[in-house]
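Each chain carries a letter (A, B, C and D) given by its place in the written order, and its residues are counted from 1.
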Amino acid sequence: MIDVLYFAWVRERIGLPKERVETGAATVAELVEELKAREERYAMAFADIASLRVALDQELAEFDAPLAGVREVAFFPPMTGG
Amino acid sequence: MIDVLYFAWVRERIGLPKERVETGAATVAELVEELKAREERYAMAFADIASLRVALDQELAEFDAPLAGVREVAFFPPMTGG
Amino acid sequence: MRVRVQEAAFDPGRELAGFARGRHDVGAVVSFTGVVRDTEGTLERMEIEHYPGMTEKAISAIVDEASARWSLLDAMVIHRHGTMAPGEVIMMVATASAHRAEAFASADFLMDYLKSRAPFWKKERRKDGTVWVAAKDEDEAALDRWSR
Amino acid sequence: MRVRVQEAAFDPGRELAGFARGRHDVGAVVSFTGVVRDTEGTLERMEIEHYPGMTEKAISAIVDEASARWSLLDAMVIHRHGTMAPGEVIMMVATASAHRAEAFASADFLMDYLKSRAPFWKKERRKDGTVWVAAKDEDEAALDRWSR
């Protein structure tokens, strides 16, 4: 079980800020494929992976990063702070 | 007649902040030569012209600038503001 | 070094007044203040979402990186989230060092990284609709200035 | 645009609080504060001499040059003369613009030029004697950054 968080328009498209996911995915990319297969709203949110960022346990990561030992995955658009 | 002003260590070496000078000098450099010829303290203050700056009527200028029409000449070391 | 992420408004003047004062080793203080801009007069509200937990960690890591690059005597980052009106202060950065070049460079660096690497997202509520602010290519490109 | 040359102490926090506020076109404010530094603990007093009349003109010309180079929405320079103790504020610069890059560059530019082109001279009264602060080659070299 892994906590999956969504922010900004990713959260709006999927329709919730956080969920617990049962997954056997080895990498972030595999998790994304599992989520896209679920429902149209997930497919829409993850349609253009290049426009998304991911954090593993609150550290920025790449989509090919392994999920082993990770407790929290977050998906969001490029940040616009400052 | 021209007002000549001195600042910082130039003022200290010459021993006064301002004086009125009767001069026929055509350029700043000629005025400097006239002043150096006056007394030892002037010769000391103007010994190294490269370490001095000059302003004509409150605008930075070069030592070969003409004095025609100038009312106020100021000599000082490189500025250290900020 | 101080990092604050908060919903409440704050006064940059008061923060600057209390920053790195009374020290005899500080010669230069640089501050940056970011303000909700509305040049066209069409913005009603700015909403800023963030990622609690990661936000503080990410900002602290950016401040640590700045401290590793320059002789920072002190640094401060305050960033708001929630809803703000045009003209309101969004965030502030301040750096203190012995000399001006380090204070300028480190504040500039902090801003570039906060812009693109701290988990904040801006949404504009405009008269004609609501839009998530898109990250700019130039903001990502600005980070290249600091690669060594 | 505001230029003040004064003997009296001032509070940079209060000045920043009153600078470019309540405007909807300003997105970025950068401030620089210069402080009397005494890292070795040997400085008793800093004395700053200036050239009344020329000082204000020179600073205004530098601010005008910055306004010609960047889209400055507001700028402020306050510079003290007279006697100051270690830790006291010497001077302050602030710039306001739509975007951060312009606010940073213009404040940086103003500082480089104020340092070497405004008629101020610093004298340090130290425990072991009195010395006029010498201009640094690096300060003159810093001006080359802005030649276009």
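FYI, contacts are C-beta pairs under 8 Å (C-beta built on N, C-alpha and C of every residue); 3 or more make two chains touch, one makes a residue touch a chain.
These numbers come from a predicted model, not from an experiment.
The minimal number of chain-to-chain contact steps leading from chain B to chain D is 1. Using the mean of the Cα atoms as each chain's centre, the chain most removed from chain D is A.
With centres taken as mean Cα positions, chain D sits 23 Å from chain C. Inter-chain spacing, taken between the CA centroids of chain B and chain C, is 48 Å. Measuring from the averaged C-alpha position of chain A to that of chain B gives a distance of 72 Å.
Inter-chain spacing, taken between the CA centroids of chain A and chain C, is 26 Å. Multi-chain contact residues of chain B, defined as those touching 2 or more other chains: 82. Annotation for chain D: residues touching 2 or more other chains are 34, 100, 111, 115. Screening every pair of chains for touch gives A-C, B-D, C-D. Listed in rising order, the residues of chain C touching chain A in the complex are 34, 49, 51, 53-54, 57-58, 79, 90-91, 111, 114-123, 132-135, 140. Put simply, chain C touches chain D in their complex at residues 11-18, 21-39, 41, 86-87, 98, 100-101, 103-104, 107-108, 111, 115, 142.
Only residues 5, 7-9, 11, 55, 58-60, 74, 76-82 of chain A touch chain C when the two sit together in their complex.
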